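By letter and in written order, the chains are A, B, C and D; residue numbering begins at 1 in each of them.
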């Protein structure tokens, strides 16, 4: 089945063409539109699972196939983590590229061609399952949500197109194909955000859905600009875009590349692209406004899949980031800053989807923080768990919105527990998960990241502190949302209150599945520290599976000798264990740089007491957020209103998103227009001026000469005579 | 230029002018007697024998008539006009040789006033100036008739000057020189030009008549239509000046014809008979040549008078057509004819 | 020797006197042509000028050209001009005449030209040229030069004359229809 | 015997200037034509004066001046003929020979 890897993105693409084409021609009625769309998504899920099963069964016959057709198939070498590449199509045979010799091997010309390559390894497998799994569930949910909507073929077509693009991005074997997917998902997010293009989305700012779509697209494009620069710089220094070749090149001359300014530059540029796509600090402003799109879209694109593309890219380029500590530090700091900032904004929003949007930005901040401190596996794991509980939260809010007369404003909700029990319970489970209650998935992934931030060689206590602060705020605003929506008496207007009842089973079913996922998926990757406390030893299956792909190599490897060949999917964590021991011996708690001055992968192993302390602290964080929210919003009449006058200034600041949009407007947009106006004036006055000037001189001289043409013969005779005298004088001189 | 030559020239000039002026009354007498003879009537016979003194009487009459200068005329040109005409007429005579040469105490005195290389051109120039006299007279009299008269006569003279010039050119081509003396010498040596260039002779004769405004061409003074033509406003002496100018023009014209075509002062068969057989030379020969010259001129003068009283007057357009469409083309042909003769080496 | 030198030395020959007289009369006649308001008087002035210049040609031993000058210029050209004047019965020009400015300007330019041309003439002392060749100025010499060295210009001029004739006839011919 | 062309050229210059002055300052077409004749004549005078004093074979003087003079003469005659024809045509149109009336050829 692996050889049909390229079919996976093709299925939703076919779905898009069918649903879009026929739908536009008006040939498809509503049920068929939905069936086709879901079928396409489900097909891609089935194909993905089949491919992964085949992949897990070892690559022996594939290796024979690769030997037979070297240009179409490629399988990773024995020692390397398992990876299967297929090139169904030669895309851009560009020819020779002059490498600037920055890689220390002198200026030379290397043949460079971009092929349409799909690759599958454990990292891609995880992402495949998340994208197709969650995607299909959301497709099913959309059937209920979009029931009766006019022109919903447009919605489902774009949704399928998004799936195709995301799958292309995930399955990409080189940066070019990844970039195609990268731009594709950006396009789809624009199309889907602007689905209700006529409606005004944000009453306060008068922003219409179309404007929101444009804002998302432009911000993404600015990020993509950085990403493209990074890609080109990469090309000029390595002569290839293929991930495996890149990793080999960097790890090959690892000492040379470690800490090189060029690599840091490329890392930062690529990360700048990721901030655009994954809504990090400078370019996150589009995500809250992206809530203008229908809720399933927000769930799928702006929670589960697209926004995680940035994190996936970092994980994919882990070899590059391992060798530029500077770039990783930038990622960590930006991630942490985003987490805190977004959390503060989330606390003061009244629109339920806005709260969830800021929560997503904050959680993405965590993922970036994890990647920044070298915990790529923890970051990806948080990505998976976040996909489940954030999708569940969004879809829950979707069913609430659908029922409450399509308003997002939580002040009009209240006491929905009685009418919508399933939605309430699934929403509650997901909230517990995200807030970080022990057995649930949220705790498993978020605390792993926080632990790594504290103990990892590249982490630092300050980042951990801010991380924990953000965690408190996370649980506060989540429980605030729960209390405002489901507890207390109902505040929605009477005509809405009569219609209040539970959503149709097609929606609640998906909610239940997601809630179970949100609760259970955490068990896949129980952090080692916790498992040890409970005495189970390292049962972190997820880390075991994923670590080889993103592990550092060369000088930055955990411990030079420990990292022999990493064979296959052997369950035993022996290798992993050994590696910790060595690190343990090598580094005391202090900041002393490990041998050879390289920031090596791995972390200082905390004592058991430290592990226990962290565990308890996590619970305390959860509790403080919960109690605060209960105190403020739990009671019959919400005490928050009482506090309002005193905290008015703070509330306004947070509600207005720290005035970041206004800041951007004044810092970037207005000067841009000023410069544009200035050059318009310059062009007008100087360029046109010059042209007009020459015309004017011609006309003026014409006027002057006209005076001589009097028509009177005598005057002409006079000029003759004058001329004659002049010539005579000149000759006689 | 020694004294002798100067004196000789002065004497010659005095003689020539004197003879010219004195012949005018004779001519008037001949004119009146001739016309009478042609018209079978007596003509003036009261004053002196055969009316010989009649011209004298007219002269005296002109002298004593009141010289009236009408107020509306342009005084300067009015007075200048007759003078110009008269001077032009007389001046033309300077280049015409009327004899070979007298030997006076050892010094030969050529019987021509101005023996210049471009003699014939000088004659043309002088006769050309005559036109101005008429024009000025016509214009300065400041009345329509004289103006029109002046215009017509100048138009006529301009037209015929052209054919006159061409006829002379043909003779010059044939003779190969512009010096009248040489032309005559050639004719003495060879045959008279009238025989080989007879058409030229006729053209020149007719043109001469037109130049002098004589009868067939005397439209300007046609009494019936234009009163007295350009000299309507003139009286007494100025009128007589015009009158004299006319007659002197006649003499010059006939002298020109004799010089160019009839061998000037050449005696018929001079080489053979007079010099060869009779062995004459020196002053006696010169006198004879002078007489032959005078005879020829006299004949032409009589021809003028004769023609005047026999042929009717041309109409102005006939006059013009004859001039432009007959004489000029004929003259051009004659020039070609003369050059052919030269080419065939006919002249001696 | 130059003009100034000639006067100073006092070796004034008849030639000199004749030249001066003719020159003065010529200039006077020219002024009459230019300044007098009646065209006929102007024409007569022109004739006088041409005759004086013919005289000067004689002084320069150019007898043939003097005769030509009188026959063609004085005899034909001025007669033609006078003929046209009388044909059109032109009255003397109105008193006004052109404005002061052009006249002054023209006078100024004239003086400038004389100054420019005159100065070198006065300073330039030409070498003493001897008496002319015996056949100088005769018809033979000029005719021979005309038909050998200047033959083609002669042909060109004949063409020019032909075209002038045709042009004049066409221009002046009264339109048949009116 | 005036030995050099000096005085003659000066006379020619003066005559030329008078002619030019006439052309510029007078309004009557005929007068202008006459002034042009004056100028041409002065040119002839200059030509012949100079050619008379140039060293020629067998004594001073070359015929060239007179030949060119002859050509100028011919051209002047042609010029007068055409000029007068134009004047007549103009007179027929404008009832006067004032040059200033013929000013159609301007902007």
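As a convention for this text, a residue touches a chain if its C-beta (ideal position, glycine included) is under 8 Å from a C-beta of that chain, and two chains touch if they have at least 3 such contacts.
The model shown is predicted, which means the values in this text are computed figures rather than measured ones.
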Report the chain ID whose CA centroid sits closest to the centroid of the full protein CA set. D
Averaging over Cα atoms per chain, report the distance between chain A and chain C in Å. 105
Using mean C-alpha positions as chain centres, tell me how far chain A is from chain B in Å, no decimals. 130
Starting from the mean Cα coordinates of chain B and chain C, work out the distance between those two points in Å. 30
Per the C-alpha means, the centres of chain C and chain D lie apart by a whole-Å value of 6
Residues of chain B touching at least two other chains: none
Could you pull out the residues of chain D that touch at least 2 other chains? 20, 24-25, 27
Set of chain A residues in contact with two or more other chains: 714, 718, 721
What's the complete list of touching chain pairs for this entry? A-C, A-D, B-C, C-D
Touching residues on chain D, where the partner in the complex is chain C: 1-11, 13-22, 24-28, 30-31, 33-35, 37-38, 41, 44-45, 48-49, 52-71, 73-82, 84-89, 91, 97
List the residues on chain A that touch chain D in their complex, please. 706, 709-714, 717-718, 721
So in the complex, which bits of chain D are touching chain A? 20, 23-25, 27, 32, 99-100, 102-107
Hey, which residues of chain C end up touching chain D in the complex? 1-3, 6, 13, 15-16, 19, 23, 26-27, 30-31, 33-34, 39, 42-43, 46, 49-50, 53, 56-57, 59-62, 64-65, 68-69, 72-73, 76-77, 80-81, 84-85, 87-88, 90, 93, 97-98, 102-103, 105-107, 109-111, 113-114, 117-118, 121-122, 124-137, 141-142, 144-146, 149-150, 153-154, 157, 160-161, 163-165, 167-172
Of chain C, residues touching chain A in the complex: 98, 102, 105-106, 109-110, 112-113, 116-117, 119-120
